[in-house]
Amino acid sequence: MTAEPAERLTDIGPPHFEKFLPPVVKANYGKWDSHEILAPGIYVHTAESGDKLYTIRAATARLISVQKVRQFCDIADKYCDGHLRWTSRNNVEFLTTKKENVEPIKKEIEALGHPVGGTGNSITNIVHTQGWVHCHSAATDASGIVKAVMDELMDEFTNMRLPGKLRIALACCLNMCGAVHCSDIAILGIHRRAPEIDHERLRKMCEIPNVVASCPTAAIRPTSVDGNPSVEVIEEQCMFCANCFTVCPSMPLNDPEIDGVSLWVGGKVSNARHEPMFSKLAVPFIPNNPPRWPEVVEAVKNLVTVWADGARPYERMGEWIERIGWPRFFEVAGIEFQKEHIDDFKHAVTTFNTSTHLRF
Amino acid sequence: MTAEPAERLTDIGPPHFEKFLPPVVKANYGKWDSHEILAPGIYVHTAESGDKLYTIRAATARLISVQKVRQFCDIADKYCDGHLRWTSRNNVEFLTTKKENVEPIKKEIEALGHPVGGTGNSITNIVHTQGWVHCHSAATDASGIVKAVMDELMDEFTNMRLPGKLRIALACCLNMCGAVHCSDIAILGIHRRAPEIDHERLRKMCEIPNVVASCPTAAIRPTSVDGNPSVEVIEEQCMFCANCFTVCPSMPLNDPEIDGVSLWVGGKVSNARHEPMFSKLAVPFIPNNPPRWPEVVEAVKNLVTVWADGARPYERMGEWIERIGWPRFFEVAGIEFQKEHIDDFKHAVTTFNTSTHLRF
Amino acid sequence: MADKTKATGMLAELKDGPYPSFVKEIEAAAEKNEMAQDLIGLLELSYNEKLCHWKHGGIVGVMGYGGGVIGRYVDVPEEFPNVSHFHTLRVNQPAAWFYKTEALRKICDIWEERGSAIMNIHGSTGDIILLGTTTAQLEPVFSELTKLGFDLGGSGSVLRTPSCCVGPARCEWAMFDTLKFAYEHTMKYQDELHRPYFPYKFKFKFSGCPNDCVASIARADMSFIGTWRDDILVNQDKVLWYANEKKLDIQEIVVDRCPTKCMEWDGKELHIDNRNCSRCMHCINVLHLALKPGKDRGCTILIGSKAPILEGAQLSSVLVPFMRMEPPYAEDEATAEDLPELIDNIWELWGEEGKNRERVGEFIQRIGMGNFLDAIGLEPAAEMVSHPRTNPYVFYELGEEDEEEEDE
Amino acid sequence: MADKTKATGMLAELKDGPYPSFVKEIEAAAEKNEMAQDLIGLLELSYNEKLCHWKHGGIVGVMGYGGGVIGRYVDVPEEFPNVSHFHTLRVNQPAAWFYKTEALRKICDIWEERGSAIMNIHGSTGDIILLGTTTAQLEPVFSELTKLGFDLGGSGSVLRTPSCCVGPARCEWAMFDTLKFAYEHTMKYQDELHRPYFPYKFKFKFSGCPNDCVASIARADMSFIGTWRDDILVNQDKVLWYANEKKLDIQEIVVDRCPTKCMEWDGKELHIDNRNCSRCMHCINVLHLALKPGKDRGCTILIGSKAPILEGAQLSSVLVPFMRMEPPYAEDEATAEDLPELIDNIWELWGEEGKNRERVGEFIQRIGMGNFLDAIGLEPAAEMVSHPRTNPYVFYELGEEDEEEEDE
């Protein structure tokens, strides 16, 4: 490492969390006794000491301007001694020990356009990724679909009338930065065409062995084009994962008419009742239809509805489907079961129905 | 094909089954109404017509002399109008419409040394294979272990006091002709050393590409030995499946001190309650100890006992273990969990515990 | 010299005990048969050395057949010349293993004269195994067997001897005629059974109901398992009889063990939500005098089970969720009339594209179930999987619509 | 020209509706910020063309760090010169995302001056994402951030920014101090976080209980999830209160949903067979005023989860069934004192033998879990698997005993 100017700070890490904890949290750290949800988005935690902490949770778009952050800060300064936090699903939370502050906070944050809710058996914020706002990999936008879907589902954010929690996530490509692979409903951007190779640029920018190694299905082979070393893609072996593109920019897969979105269902993360589960393919393909992706919104809404109608209390999407069986799920959801639904990757054989357990 | 003598019969297939069905079966074919187990090994089927058919089931060793078959025939001629059958697990069954024949048949067959039983919630005959009696692949004997184990478990053949059915199977090598892969308890002959290559004979007898292709782990590579083409085995990659030996006799794996037996538990075939399940590794290795394999007998007996003690009515071995969890199974069975138990073949990752569901 | 007809040493220790002794069987045969005598000696050697003494078989068989005989040679022929050749013949059993003594006695006679006088009744696939004879005796044995009306079963890369459960012959739960289908499939495919046209072995097994008494789901490349589609027939009086007379705890033993939890019991009536019943048979098995499968019967066809070599063991998986196996056949459903075509399509595809020694289950793994279905002309059905894929590695095929858009 | 600070066309349609609009956020930023203005235009272009307009980043960053910045360039720089460079900085969040307004406002000031005035609170890994600036601004932003006490988070083949649930700060179920462990692991491994020593990325996440509110089991190479070993604490009066006052159907909602069926409810008392409880949290979640986790607390450590690229997605699997995370540490159990060594051993092994871009979960798949355990010095435990192997393809290692016998 080169010598650095004396005053340059590095490797200092984040601020110690204690600097930011509200006094009531410090005082009762690790000694909380119970919580109760008072209303959607509003809960109170009671410590063994008897101290109480009220939390008001509101939706945010995650993509947020400094102006808005300052407005949040204004509320926190006014009611919360300057304390606030965000949740693991990008909702903002205001923390106060004063019960009388709860309603004013709710009013002010809602006035800013941020509905309060997302607690208990509701649909909370969608975990999502960059999309066309920042990523070169995106097969679809992130923020736009999320906005359109949440607009439609907002009543389930501000109410707690669902059978259980429902977690939606979106990732704009198979890299799955939104970790959609374990969500009740996952929205996933997909390519459906093999990379187009720009041999000229590839020669300059990419290491051929790395490119070849990047392909999970061994679809990429070294070859020579016009006397120069390059690669070729065996199209029948390509399943459009874009890992080659991650490694080598000269192999883009984007295509406005071919790219789109797939929907996945029945994943979960918590260990409550059922072990964590992966999401499974429900709708293989919906075209990109900006700005409001109406087909995606409708399909997600439909999934929420059939689940809400069919599930027993506390049954998450995947638990409900396991109880009724996948054939019945496809039936009630009105989705046609297709070739795409049948696994053909490495562990495919472990997903086959090796029994005569069938419902007719 | 060469011309055949005119009288030579081929492709005639087996006799039509109707030739061998007892009259009462023909009369009530497909019209049976119900059955009842009157005593271990003895059951009656009642037809819609009211006709009754009594069945007396007795153990046989499967490996049987013509003399014994004739003795069975004598009994069948005397009491059953010459009708008898074998079951899918190699027990012999005498069929009669006369209730008064039941006891005499039982007496006579028992007098021949063939106990009556194997019905209902019992341990029926062990499905097994050739072993040292006939197969070149055998890592252990079949008939000997079966005899020793069944001698020990005979009380569970002649009684019906177990929680559910318990099916034991034995295969003398990984080819698993006994299809032990779905048994409550499976006894499996195993090699534990890589093949020794007889390069001289290999050259004459085996096709090198076939040999190379036969290895599931790609442990076999073409090489040349003393200037002649042959193969070599990368020992760390060999897991002793002997598939190369099946294809090429010059690669034997047999070794008196290294070969032995492993035990597997919790498989099932029927769809009753739980879907069919594979058996899972319980005891990785027990040395061959003829003539009575006392360690194997003891280990099997122990498995039967812990299951019989712990299972609820109708819970098969695998269902019981699933309920109590594998860690508890290893604990109550007194078996040490070892590296060998952890899968490392193709779908290994699907067998890992991806939850915090743990019992302490 | 010791008496060659008697086991001494280690083997003798396997003569005692309540379970029938295979050693005594060999001894019985050995009284008049020299092959059986040498088998005793050879086995004793194996027991002492903990080693088997058989060598690979090479190609032996009967004329015109590619299977049915397993060749076997001993590696110590000097010591045991009578088993120096010791080939087995697999004799195709009659469906469901029913016999008349007459036929059995004749087989015994043939085998006493021309073989070891020892057999397996039955082998794991279902054949009668005639255990050990010389090459010279193969044709004569075959000729006498066929005269008696018996033929050889399968071995090698052929259709293996089909087998079936006792089914309609003695079981009230047989949802289709297992014996008939086993017999007919054996007869129709005699050529495939005797001559190795396939990449590897192929097995059919037929079980009349989900209890699967021939282990078809674990041991057949194509498994036929009876089932029903309508409601379970309930005789409530008999249910009460089980509860009151037999003191059977219906809640614990039946209702709580139901895998889909689709039953309710209020102490008086048993209610079944048949739409959610997965036809597991448990309640019927236990309350068999009170419950019976429905009347709309047929079978589920599954594909691909096998032992571990090469790619790991497989269970069969659903290929046709429901097929009617008897008339009247409706137009819009899968029926036994479609079976020959289905089988042909599978064999044709696997025959052409299967690798040497690749079972059909492994073949499907390699090419993908979706592609397999496409190629044999079956529609995908959700019943085929326990759940849809979890990985996003989908080989999307662009539809016409997409292609057009692409051209724009 | 149109007003560059306002979305028109397609984007404008995303301004209505009850959910907060990201378009309005960009507009707000755009009032004073030219980067934000060009972002509106660029996004509108993407919406119209259904295509993203970003190119790969190349290597940009702050001096001495190998991560923390994602480089990004637009492919239409002529049209949108203000986003021609548009790199993001990942700023390491404080544990559990607690802030004081003072700090947040200062970050806003920095970012308004030197970046796009747009950010993500938070990114999927947990960082504050400062969304878009020029190469020239990277060092100044970094310098101002560090002066404020903030540092960059991870990107590339480094330890990624650890994250944790709110845990003991506000949750009664935190079975260990998630904030403390997240903070300490962030501080201890600053070097690994900023400099790419690894084959690929590595993530730590800490959840206080099996509810796993940071999705650690799905999104962390090493997942720490709180649990307990002793009995669930039951307040029977409060259980009755739920039953009688809250009219909660304890049988259906709690007992029937218990995955191990280890509970009984007779209308008066709730009985738990704790030996069979799998610590799923369900009953505690529902009856939270009546039931509490036991007092013998610690965490389960799991390894290997990740998104699908390359070998398919994985969930983390059990590595250490139970580790005590606070004193007093007993001699004979796994405790947090063993953690540094465990982590070192894993990193060393994976660092040496992992392939380029091979996550630790994939590495374990490749070398085998058993070998992995051997190499890092952990004993195999039945808790690590959902069931033992079903295939007989065991790489037996001959023990000394066997070897001797072999030599004989």
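Going by the order they are written in, the chains are A, B, C and D; count residues from 1 in each one.
FYI, a residue touches a chain if its C-beta (ideal position, glycine included) is under 8 Å from a C-beta of that chain, and two chains touch if they have at least 3 such contacts.
Bear in mind the structure is a predicted one, so any value in this text is a computation, not a measurement.
Of the two chain pairs shown, A-D and B-D, the one joined by more C-beta contacts is A-D. Averaged C-alpha coordinates give centres for chain B and chain C that are 13 Å from one another. Each chain gets one centre point, the mean of its Cα atoms, and the points for chain A and chain B are 49 Å apart. Within chain A, residues 174, 176, 181, 216, 241, 257, 271, 275-276, 278, 345-347, 349, 354-357 each touch two or more of the remaining chains. Listed for chain D are residues 210, 212, 217, 225, 259, 279-280, 308, 312-313, 315, 390-393, each touching two or more other chains.
A complete topology is adopted by the chain contact network, contact being made between every pair of chains. Remark: chain D residues 308, 312-313, 390-393 touch chain C in the complex. Residues 210, 212, 217, 225, 227, 229-230, 259-261, 275-280, 300, 302, 304-305, 314-318, 321-322, 361, 365, 368-371, 373-374, 380-396, 398, 402, 405-406, 408 of chain C are the ones touching chain A in the complex.
Those residues of chain A lying in contact with chain C across their complex are 174, 176, 181, 188, 190, 192-193, 216-217, 236, 239-241, 255, 257-258, 262, 266, 278-282, 284-285, 323-327, 329-330, 337-345, 348-349, 351-360.
Here chain C touches chain B in the complex through residues 10-11, 13-14, 16-26, 28-29, 31, 36, 39, 43, 46-57, 63-65, 70, 72, 86, 88, 92-105, 107-109, 111-112, 117-122, 124, 126, 131-132, 143, 146-147, 149-151, 163, 165-166, 168-172, 174, 177, 179, 183, 186-187, 190-191, 194, 210-215, 217-219, 225, 252-253, 257-259, 279-282, 285-286, 288-289, 307-313, 315, 356-357, going by the rule given at the top. On chain B, the positions that touch chain A within their shared complex are 271, 275-276, 346-347, 349-350, 354-357.
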